[in-house]
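What follows is subunit A paired twice: with subunit B in the first complex and subunit C in the second.
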Partner chain A sequence: MSPKKKSVSTWFSEYAVVIIFLAITVAAISPSKLSINYIIQEVITRLGRNSFLVIALLLPIYAGMGINFAMALGAMAGQIGLIFAVDWSVAGWQGLVFAFLVGLPIAILLGWVSGKVMNRAKGREMVTGYILAFFINGIYQFFVLYLMGSVIPIRNAAILLSRGYGIRNTLNLESVRQSLDTILKVNIGPFSVPVVTFIVIALLCVFIVWFRKTKLGQDMRAVGQDMTVADAAGIPVEKTRIVAIIISTVLACAGQIIFLQNMGNLATYNAHDQTSFFAAAAILVGGASVTHASIPNVFIGVVLLHAMFIVSPLAGQNLFGSAMIGEYFRQFIGYGVIAISLVLYAWKTRKAADNARSGLRGGASANGSLGANGKPALGDKNGKSNGESKGGRA
Partner chain B sequence: MKKTKKPASTRSLIARSILLALYIAVMLIMVITGRRHTILIDNKDAPDGSYMAIDGMEVQIDNQEALEYYPGDRDKAVVQGQRHKIKVDMFMEGREFEASFRIPFGQDMILLSVPKLAAGIEPYFEPFTVLESIASDAANEAPTSFGADSPVGLEEGPPAPELIQ
Partner chain C sequence: MRNLKTFIQDFGWPRVIIFLFLVSLFVLAPFVGVRLDASFSDVLNRFGQYAILVLALVPMIQSGCGLNFGLALGIVAGLLGATLSLQFELRGIWGFFGAIALAAPFSVLFGYVYGKLLNKVKGEEMTIAMYVGFSFVMLMCIMWLILPYNSPTMVWGFAGKGLRTTITVEGYWLKILNNFLAIRIGRFFVFPTGLLLFVGFCAFCMWIFLKSKTGTAMTAVGSNPDYARASGVSADKMRTISVIISTFLGAVGIIVYQQSFGFIQLYTAPSPMVFPAVAAILIGGASVNKASMVNVLVGTFLFQGLLTMTPSVINSILQTDMSEVIRIIVSNGMIMYALTRKVKVTK
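Right, the complex of A and B next:
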């Protein structure tokens, strides 16, 4: 294979998801018959609403734990905080801070539990996190449906089910609705920009950039590259991984509060269900992989995914006469993107293992890729590579 | 060899205690400054005739929009925090006055009688309790249960909301 051809194919495989997504979104704009101004305004709103949640996925990826599907735990903590904010009638931005302060210890506890569990399932963190979220969801439902109003006092009878305990299925967040977005809204041309929400997101980005340079951040990246080498270097691997998950869970708690204040209502029992799924889809659409992600991936992903979400229902309506087609398309694309990214990741890892193997045969490593244990990513006898391998990583 | 955990030093204990106190303090500040109260602004005659409703007035709470009231009117203003200002413009009498008041922390709703305030009768506001029994839509309230395809464990909705003083 010529170097030029190789570089083109490598580039394409690197950005396959972004390219496919961009093509689909651009193609759907015209049939949707939506104005560009409307699409841009919606994208701005959704950037403010979703970016924080997506950024919460970065640290576990740095720590080599893949996409933190257990971020739904943080979302549940945020929702519990919001329920108490509504119950205590704490309104405005104070209500959001109050909700975060209530959710914070819960998020830390759940993050710690999640980190502990994931340390026992090294190499399978993503599926473990996904299932853990289902398990904790059961506890959350028990807490909100049975304990609130019976064991945990709820002052506001309006948010309770008619039987006297348990929180209503849908909670009106009118008291905190868009209280962060409306602190300062600036009109730039025809677009309305929620400045404070973007400042909060920018501060989080600054925190992530700063954190990467700290000792703990460097440790996290070392653990993400190779746990065995990091351990040999004296880095407390398990503790570092737990810290990464705790921070991610806490950020997910804050992210869910920002998301819900923008939406203005809370589906008490299932608002958190697809939090991690849409955040994962967004970061993957942005060109990240389960081993490599950056802040630009977050924003590219949110813009692309949500531009597609905006145009697809109407494109479906206009092309096929049914908006439901667009809705199905939305779901299909979301799951499809995650599947494509995981398949590409597996394919790249396997290819890197093959390269490493052929490089060793020739006496030198083709790309110097290492497996989870600090050994070249050779894979097992069946040609399967180690899940932690960094081969092909950008 | 198993590592033994070092006990936390007095310094770190103090630091942790300060952090905890700060955490609780911020939470309390948020609750106090962010708590919502409803003020029912009333312009009615006293049952015993001790004061009379104002013929026509414009009432403004804090910096909210001023509203016009005529005898027998009652409206509400939703406010945040405990300290508030009321500005009354009795345009039929050509008189204007301002007053500030403090809503008790635990009170969700108060009934503020402007005629009482204008007549200098204390207290011009009193707690107002809402007997809330909101009709429930069983289908809407049905929690999503694992594997269930019908609402679980919900009773019939109680009667519509009723306001009592």
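Right, the complex of A and C next:
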């Protein structure tokens, strides 16, 4: 690795996404005709609503597994918890705790499955996670649409479909609506701030900072740096990766509960569809990459992404006479940001690999396969050692 | 016995299970009052609709770019061709081939840029392809609203601008392939000869192409980039060619789909078209880096058979519509299975 040089151009390329995003948002504020106060209030609300979910992405990034697109698994666990909380009519913040306690074992189980699956697909964790989320979505739908009310007893007939089993498409979370936000709401100037929600988020940040310093956290970062070296150093690579995903899934479960208590409604069958998209877009907009992320990235990202989401539909309406243009535009930007960040990251990795190869001209064939495939070559190596260790155990 | 064992191992348990499931559905169908001839007709029809979209995945798999989750780019090119052919009032067989011809330049352009991009991100193609596809579809959503189309069949009647979400091709080139030499047996069974001939023709061309010099070079790049480079094959060039062909076939595929389905679906419709195609080729026995014509044809038939038969049969048995859930679990389960499978090289 070459020593870091902080010239203007490298600084720009590092923060390109943030700068472009900031420019677009600032440019869209005036045509949206929204007052600054309104925008700030909305951003505060959305910070409380989304930050927890975004923080859930951090640990897998430390562990070198990229963006955990399978975080929707945790979201689904949280939703099952909420369904039971509504069914058993546990109201208020106690309902949220209840939902989390119900969701927790499910999230741990799903996280374990997810970790196992990703260990089998080293080098392409992200795309596998994405498909895994779709797959588990099918099982979730089977569970909620067919088993709940028929096999799993549901006492509250009001949340069932009229045919007698399966949960309604939209679930009213009246009993727990904003119960976390309203425990203590403080008005600072013209803005109301949900203090307890922010305390919970702050506690999570403290946990992450503390966790990074523990043995397990250090192991995780070592695995993220280089799996082969970590393995040689005696770190249980596979297990560490599974733990990272389990924690991420559990956090996503809690995050989704916080998200939904703020929204007040649960779209039973598609609330989790966009979870990973919004979270991934947010953390990448905040300047994170697939390998590096920090807590500031989370908050910068949430503020920027959501400021833009607030202004763009109205800006589209006022500029082009169609709110749909703004709506499509914000989705385009969201997906585009993820694409660009992934491209920049892959580009850099490949350049580094190419440099390493040109430095070692001569042993071209051995290095070539590593250079061309980068991570997969490495993944294969680990895959083999994995197979051996499995054989040993059996 | 040993042969059967290795065959199943190669073919993979999920595929065997899906195959047996489909067979049992066909066996069960008459007992629950589902007409077999109508079902067969549906399966053949849907097979023809989707086969070329599935075929479009082959070149990129062969050249080592993985599963083309960015097939949406090709589909968008096809949508551009189709809408333009309607705009120019091309009808009948000229409309259909006109749409393909109009889609060609777009698909080559998109494929070229997309291929160049994928060359820069080797090893991460699949995730990036997916998000490039999504964001491009979203960009095109804006375009469909503001492009200056004005054919009254296509734009919103009220505003007089902006394309509708679904546009009928009736009166232009509806079922132009399906009805060509179609054989009708009884009331319920129609054999879509033209459609299947066209699919066969495309598959044959692809087969010939893979046997040609360029095709062989492409496969070499996919199987062993270093060996290919040592033999003087430019990996990047071959990969770009494969992406262009894939994108073009995606465009052709969607136009074939539309003439049979009867509607052009715009806006966010291209994104969900991609995953079923990927699932189909994997069910047919392809892996992330090897695919053949047999995989395409068998896979499309199995997957579409499953999609056609589950709603009718399962619904008759259980009195509920579980087909959607089964579709989600089967198609994504299959993709996941392929992604997590260790590739066996030695044989």
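For the reader, a short list of remarks on this structure follows.
Here is the rule we use: the second predicted complex is superposed on the first by the 348 of 394 C-alpha atoms of A that agree within 3 Å, B and C clash if a C-alpha of one lies under 4 Å from a C-alpha of the other, contacts with A are read in each partner's own complex, and residues count from 1 in each chain.
Just so we're on the same page, contacts are C-beta pairs under 8 Å (C-beta built on N, C-alpha and C of every residue); 3 or more make two chains touch, one makes a residue touch a chain.
Not measured: the values here are computed from a predicted model.
After overlaying the two complexes on the shared chain, residue contacts for A:Trp11 are found with neither subunit B nor subunit C.
In the overlay built on the shared chain, the residue A:Phe320 is in contact with subunit C alone; subunit B does not reach it. When the two structures are aligned on the shared chain, A:Gln141 is found in touch with subunit B and with subunit C.
Considering which of subunit B and subunit C touches more of subunit A, the answer is C. When both complexes are overlaid on chain A, the residue A:Ala121 reaches subunit C alone and has no touch with subunit B. Shared-chain residue A:Ala346: touches subunit C; no touch with subunit B.
In the overlay built on the shared chain, the residue A:Ile338 is in contact with subunit C alone; subunit B does not reach it. Touch criterion met: A:Tyr328 reaches subunit C, while subunit B stays clear of it.
Of the two partner chains placed around the shared chain by superposition, neither subunit B nor subunit C is touched by A:Phe207. When the two complexes are superposed on chain A, the residues of subunit A that touch both subunit B and subunit C are 138, 141, 145.
Every residue of subunit A that touches subunit B in the complex is listed here, in rising order: 88-95, 97-98, 101-102, 138, 141, 145, 157-158, 161-163, 166, 168-170, 175, 268-270. Within the complex formed with subunit A, the residues of subunit C that make contact are 69, 117, 120-124, 126-128, 130-132, 134-135, 138-139, 141-142, 145-146, 162, 225-226, 229, 235, 275, 320, 322, 324-329, 332-333, 335-336, 339-342. Partner subunit A is touched in their complex by these residues of subunit B: 23, 26-27, 30-31, 33-37, 80, 108, 132-134, 136, 140-144, 146, 153-158.
Taken in their complex, subunit A has these residues touching subunit C: 66, 117, 120-121, 123-124, 126-128, 130-132, 134-135, 137-139, 141-142, 145-146, 320, 322, 324-325, 328-329, 331-332, 334-336, 338-339, 342-343, 345-347, 349-350, 364-365, 368-369, 372-376, 383, 387.
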